[in-house]
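Going in written order, the chains are labelled A, B and C, and every chain counts its residues from 1.
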Amino acid sequence: MTLNLVLGQALNGLQFGILLFLMAAGLTLVFGIMSFVNLAHGSLYMFGAYFAATVASHSGSFVLAIFLAMVLIFLLGAAIDRAGLSILHRRSHLDQVLATFGLVLFSNELVRVVWGNAPIYMDAPDYLSDAVNIFGLNYPAYRFAIIVAGLLVALGLYLLIERTRIGMLIRAGASNRKMVSALGVNIAWLNRFVFALGAGLAGLAGALVGPILSVEPGMGEPVLILTLVVIVIGGIGSIRGAFFGAIVVGLVDTMGRVFVPIWLRAAFDPAMATAIGPALASMLVYLLMAVILAFKPEGLFPVRARG
Amino acid sequence: MVDSTTASATPTLAERVDRRVWVAGFLMLLFALVPLYAWLADDVYVLTYFGRMLIFALAAVGLNLILGFGAMASLGHAMYFGFGAYTVGILSTWGVANGWLHLSVALAVTVLIAVPVGWIALRTRGMAFIMITLAFAQLFFYVFVSLRSFGGDEGLSLTELSGFGALTGNKYAIYLSLLLTLILVLWFTHRLVKSRFGLVLRASRHNEPRLNALGTASQPYRLVAYVLSAQICAVAGFFMANLTGFVSPSLMSWLISAEFMVMVLLGGMGTVFGPVIGAAGLLLIEDGLKTVTEHWPLILGPLIVLAVIWLRQGLWGLMAPSGSKQASSADQGDH
Amino acid sequence: MGAAPSEVTSNQPMLLTVDSLVKYYGGLCVTDHVNLSVAHGEIHALIGPNGAGKTTLINQITGAVASDAGRIFLSGHEVTTWSMAKRARAGMSRSYQINALVASFSALENVLLAVQAGRGHNFHFFKPVMQEQQMVQEANAFLDRVGFGDDRGQRVAALAYGQQRLVEVAMAMATHPRLLLLDEPMAGLGPTESERMIELLDSLRADYGMLLVEHDMQAVFALANRISVLVYGQVLLCDTPANVRMSELVREAYLGDEDLQ
């Protein structure tokens, strides 16, 4: 168990956490402002990956692919909201879950129809296919780029929420929806913007992940569920919670999968370790969630909502 | 002066009970006739086909206990379905064949897991509850995926089913005992919702502070309801393993949990028989769509969206005579 | 009609004693060292302008909200740290300012919920509640007592507001409490219904101790043995109705708010 291994896995965990944050930020904002849970958030991530892969293979430009995917999914989000998803805002969370579940079924099949069942691939650009040297470790440049890009987006989001007027409206809406609309703000436009923003972030996450994971139907749901864990741990409605929750989940999951089997093999006989190792590693994040919830059911950074 | 013991038996209510009881009875009769057809036409596949419907109906009835009557939206109930199925799979693989033992262990394991999971999840409400139950189900999904000695991700074909002497593996016996179980569980649910426990459970949906102010702490009751509903799903899983001879983690996937929920909604939340209609209905719709196109989710997805938006009372709820203001245990439209 | 302010018996321990209760919401002190007592057989009215903190006080007494300081005693036992359910089982009961009925239940089922709550645990799964003869009779008796005249099998959501209010009070009584905390039982009632409610509460006086939060001054002066005046979280005055009526302090506090006839 070398330092390089630990560092490498920590960076992987960070990278995974950043991606989860991109997903979680949008989801938690949408839930906080509109009290709307969107199970099809994973589908937006999936569409982002597919759009990026398609644009990249047709245009050859990686940057264009990422950028276009993000913009297209942003617009898709706005369009879906406009087309009538907003009818669900007034309904119970259960109704929202079931309706967006219907959308998930539809989306996964749509992707199969258009792109086929087999996974498609996207290559990292040449200028990022090498390695960078971090504290003596040779770490894949692309993954490092994701970390950097993700942190930049996180910074941008922070500035947007804390320093702009629209961000102020978003923060106000998160803690008191009725008040904001009573102040004469066009709540429909604010909602649409927030939803589209969330979608765009999910699309970006999907686009970024193309070169490191296979792009296939149903790729969104496992990530969505982990995103839900992030939000629950971090506190529903809280961006700060989403950030910390995402990093924690990313690190625990990634490092757990690598180190738990190693530790088990050191402590127990190999047969036992191989039997329960992977199972235990998979459970780790959820066990963490359970422990946190047992003490703090509202999450680590709950947003105190009024009204 | 209204006679209190017949307060709920005024003419309009009796009419309503009668009509739907007839329909329910007729449907159960149809289900009961399937083995006869199978025997006459020498077509055992029919038993598997309708048996699957009964299994999902049973699971949906179990989920409805907490979803419809208690407003606890568990998006992770498929995990108990999986426990029931995997108990059969794992015990068989270990050479333990006794059917009653399979069933008892399935129920015991379910209690052991449902109590802590329920306790943690019930500390939250609404959206958080939905997410947490989903997350727990994912946890167990991945656990079973990683159990390579039991098939892992690919599943396990059972060489031996639950041993019930000469009836082991007999599709007719499985089907009939399944039907009987469903009827028993329906009867039990029917009694439960009208009982003192049921009154507390239904009141706890929207009025927890009131319940507390009356002196009844609602958490223990909700937890018990959660565990009971988990056990019903486990029994459904037990039958699933025996009916199909195959278990896999996909039985615990969140897609199945969501399907259970759709079945409850489609049938009519908060009615006793609704989930049976919902389960049969959804499976029939899926099969019907499959004959039309291989891309059937393209149609089913939007249908579900429409059903959620417009079919608030479910199919069973639509059949209720309208305008009745009498209170009944079918608390509908309240979700 | 009018209750002569009777002497509060001093040879029994107080049913309810609130000792120096304090509650802050953020920087705002909503309950400022409140002292209060209610004796068995007494109707103690709690009045005050809107926002004075009356409902918050009731919430703290019942345990719905935790106080920041102070103590609460029920028949001499300290209940400050007890849960709501535990206090209820010890003999405390409340009605809500805004109806907290189970909307999908009938009036009978609502009262049954209260009756069964007072009868041990409810882990009974098989017998329909409606077949529990004794409990149903009791529930009906409570509905009779409050003068409920409508269809007992109908969903309460479909009932007239005044009838719903009666079910509220019946529920509060049906757990056989010793202390009744009534939060604006007259709220939303018309003149005839208010009269009947006043008569009802008067008739209940001897069986319970009551803390009555009210805005309806006619009711307050007709019913109360003592009145506490709550202004900005502080008890300005606790005295007989006659003295309260004459108090300068109270007049000032109420200037423009209520008309003290």
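By our rule, a contact is a pair of C-beta atoms (placed from the backbone, for glycine too) under 8 Å apart; a residue touches a chain by one contact, two chains touch by 3 or more.
Everything numeric in this text was worked out from a predicted model, so none of it was measured.
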Touching both chain A and chain B (chains): none
Central chain of the complex, centres being mean CA coordinates: B
Reference chain B; chain at largest CA-centroid distance: C
Gap in Å, rounded to a whole number, between the CA centres of chain B and chain A: 32
CA centroid of chain A to CA centroid of chain C, Å: 50
Chain centre separation (chain B, chain C; CA means) in Å: 43
Contact set on chain B toward chain A in their complex: 67, 73, 75, 120, 123-124, 126-128, 130-132, 134-136, 138-139, 142-143, 145-149, 254, 258, 261-262, 265, 295-298, 300-305, 308-309, 335
Chain C residues within the chain B interface of the complex: 62, 64, 83-86, 88-89, 93-94, 96, 100-106, 108-109, 112-114, 116-118, 122-133, 136-137, 139-140, 151-156, 158, 171, 175
Chain B-facing residues of chain A, complex: 31, 35, 37, 87-88, 91-95, 97-99, 101-110, 112-113, 221-222, 225, 228-229, 231-232, 236, 275, 278-279, 281-283, 286-287, 289-290, 293-294, 297-298
Chain C-touching residues of chain B, taken from the complex the two chains share: 2, 4-5, 7-8, 10, 13, 188, 191-192, 194-200, 202-203, 206-207, 209-217, 221, 224, 325-327, 331, 334
